[in-house]
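Chain lettering (A, B and C) follows the sequence in which the chains are written, and residue indices restart at 1 in each chain.
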Amino acid sequence: MAGPVAPPVEPRPSAWGGLNRVLDTPAKRGAAIGLILIVMAVAPMAFGPYATVILTNALLYTILALGLNVVVGYAGLLDLGYAAFFAVGAYSVGILTTTFGWNFWATIPVAIVAAAVAGVIIGTPTLRLRSDYLAIVTLGFGEIVRIAARNLKITGSASGITGIEQPWLFGWHIATPTDFYYVFLALTIIGILVSVRLSNSRLGRAWLYVRHDEDAAEAMGINRVRVKLAAYVIGAIYGSIGWAFFAVNFTAISPESFSFKQSTLFLMAVILGGMGKIPGVILGAFIVVLAPELLRDLGSFRYLIFAVGLLLIMLYRPSGIWPVRSAK
Amino acid sequence: MTLTTLLAQQLVNGLVLGSFYALVALGYTMVFGVVKLLNFAHGDIYMVGAFAGFLALSLVAGVVGIGWLGVAVAILLSMLAVGFLGVVIERIAYAPMLKAPRLSILITALAVSLVLQNGVLTLTNGQIIAFSPKLGFAGINLGGVFINYKQMALAGTAAILMLGLEMFISRTQYGRAMRAVSVDKDMSELMGIDVNRVIAVTFFAGSALAAAAGTMAGAYYGSIWYFMGFLIGLKAFTAAVIGGIGSIPGAMLGGLILGLLESFGTQIPGIGSEWKDVFSFGVLILVLVFKPTGLLGKSEQERM
Amino acid sequence: MTGPSLILSGVTLGFAGNTVLQGVDFAVAPNSIVSLIGPNGAGKTSLFNCITGFYKPRAGNIAFEGTALLPLKPFQVTRAGIARTFQNVRLFRQMSVLENVMSGQHCRTSSGAVGAILGLPSQRREEREIHDVAADCLRFVGIAEDEWPREATTLAYGHQRRVEIARALATKPRLLLLDEPAAGLTRSEKQELIGLIGRIRDERGIAVLLIEHDTGLVMSISERVSVLDHGVMIAEGTPKQIQSDPKVIEAYLGSEDAEAALAL
């Protein structure tokens, strides 16, 4: 019965939550995923150019929310300066392509390494702190990165970097919104697969152990600093790659995209959907992107709605809005 | 300007700035003492205080004018109103979460902060609002160092408030109860202290102080906007940490130190005003990494 | 006869003016069962915390199988071969029984993010191994397989204690520290516990050090007993020697543990 994978351990409420009642067989779940994929694949043709741009945004947010989910949802670290890693990825690409003339694809490994290094630099002093301090210190780091980006010449100061060249891949010039839509769709699928694999692994469990009871985890021989750092670095890489691709999509980056307000949007996405549950996080990201579109007429009122929504969720439904299975 | 006058001027600036930080830092530290929570929304309470002061001044302008008396009345009204707001927030948002995992209550505090910010954002449409009472620009000149009356009033008011708080803590029943709850909440409950009431009083006091700081800042700098609490919140937190979180004299000391550091720090060649905030955050990170208990704080309690 | 595997010498621990442990000398021989008893507040759990690295004593040395433990962080102490349970059962909430026990295997395996993401054969092999070791430990302590997927904190109290022991065993220790393992157990559960501790020593070759208040249990199972009172080791010997030691009886009588004194 058991295939080449380790014997299934299905004790945690499944990520599908309450939908498990409807999608109770692997076949049905597979069909649901397949349906979603088909819809996503034909979306540009079916929904038109404006929707394509919005959906691309939603996919970008999904990738970033998945990354933050590793840090907040799995490892339980309230990182309020997540935007710092976006900046690392975006500016790596921006600077290397415009100032130094690099090929975009060559900058990706740099973006990854830079993100990992940033994760280690920010993580090492802060991960030992208790959670309240961690939140504020990461916020501080985020602000430092944003202010540095705004002040330094190499990052283009307040006007940022513009005129980033869009990449070629084996003769295909990735330039139109539709092109980028498919690139982001591919990235999102990869991002989801990576998250799923991680959550079912030794490292994924270690995050949960550390998050639920740090001292007991430590007593079981788990190096909690190393485990938290791994979450940080992985989250950083998600953020960095997401924005690296966004930089070439938008062909410009500005330091104001990396503010605290941006960080809170992703946090809302992760929490709205239910921390740690991948389908919930995806839903949260889509809501955060699509809702402002639908509520466009309300102007700045929509941020208030989001904030109140977040508060209500924390008070009454901390597991997020994704339907949950009732406890055994 | 000679070097000494320059330094002396920075000293004055630093003390004035430090008074703001100290007032707001006190709220952080007091709340942390009784509920062991960093009230993320505290900076926004300061901001709401500024707006409340503005509204109060508009309300009473007809009666007491918009000079010194008007501002004083506005400060008092703002302190009362926002003090109550603080209690309401505590009852609605924090009290139900005290038994929840730490992460949840942190996010709740963040949510409260966002609600306050976005609420005011919506009401003001994000505009910066001018807040200009008639306080004049006169001052005194001490051997080349110019101290205007506004600065003196500011520092003086802050000092009076802090003194009032200190007397409240050490002389009244509530003050003693607050100290007891900070040391051991469960034991205090067993000894018959109404812990919920103490927590409410703490939130009232902390919010009132922040509101006073906010109103004074609005009057002093001449403008208020919905995002003004963000930076001050972070800096006040830094001040509280420098002094030792949980320690009231620590918050006062930390505030002054941070104010002075910022004032003198910006005079260091290379750190202009654009890097001022980075400087403060840098200090925060260094303190948390190397001396997280701050100057006057107690060391970490045993774990098991 | 090999020398003791765990040696404490001159361990002194203090907090904020209180001296919790004063010049404690203590040893545990390999493959033996040793009990640490003493009136409430004597410092027994603090001694455990010193051994496992959560507290750093002001003075003294602690060595396990020749390795100095004081410079080590708690997770390193576990990797060196010492595992523990807690006075208040501390199982990981919202996680299953099996997952709780699997946590013990974390320090004995090494696959990381890359292996997980790529699904490397070495990672899959390790996952199977983690699962198998955890299953084996659960069977050893007598937890039925149908309980394994259940959320650990929903189990009956006695079963939760056993899961905690299984979790500690999963770290493949050579010394197991049990902090009041019998607290809250029924009489028959205590009998099973005695049997389990015996099997841990005999079938797994693991030395067991326990803190316990139930003197009956202590006397029936221990090879040696050490008595701690107000941070000072006042007696050490076989159960019979301890029972008749006047210093020990006095220490218990002088405290609220008169009941325990009578049990002696």
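One rule holds in what follows: a residue touches a chain if its C-beta (ideal position, glycine included) is under 8 Å from a C-beta of that chain, and two chains touch if they have at least 3 such contacts.
Since this is a predicted model, take the numbers as computed values, not measurements.
Q: If you average all the Cα positions, which chain's own average lands nearest?
A: That would be chain A.
Q: Among the chains, which one keeps its Cα centre farthest from the Cα centre of subunit B?
A: C
Q: Centroid from C-alpha atoms only, then distance subunit A to subunit C, rounded to Å. What do you get?
A: 41
Q: Give, as an integer number of Å, the spacing between the C-alpha centres of subunit C and subunit B.
A: 48
Q: Centre to centre, by mean C-alpha position, how many angstrom separate subunit A and subunit B?
A: 34
Q: What are the residue numbers in subunit B that touch two or more other chains?
A: 303-304
Q: Check each residue of subunit C and list the ones that touch at least two other chains.
A: In subunit C, 54, 86 touch at least two other chains.
Q: Could you pull out the residues of subunit A that touch at least 2 other chains?
A: Answer for subunit A, listing residues that touch two or more other chains: 215.
Q: Spell out the part of subunit A that touches subunit B in their complex, as residue ranges.
A: Touch list, subunit A to subunit B: 72, 76, 78, 80, 125-126, 129-133, 135-137, 139-141, 143-144, 147-148, 150-151, 215, 260, 264, 267, 271, 300-301, 303-304, 306-308, 310-311, 314-315, 318.
Q: Which residues, counting only subunit A, touch subunit C once they are in their complex?
A: Residues 4-7, 9-12, 194, 197-198, 200-206, 208-209, 212-213, 215-224, 230, 234, 328.
Q: Residue numbers of subunit B touching subunit A in their complex, please.
A: 37-38, 40, 92-93, 96-97, 100, 102-104, 106-108, 110-112, 114-115, 117-119, 121-122, 125-126, 230, 234, 237, 241, 274-275, 277-278, 281-282, 284-285, 288-289, 292, 303-304
Q: Can you list the residues on subunit C that touch subunit A in the complex?
A: 52, 54, 73-75, 78-79, 83-84, 86, 90-99, 102-104, 106-109, 111-113, 115-117, 119, 123-124, 126-128, 130-131, 148-151, 154, 167-168, 171
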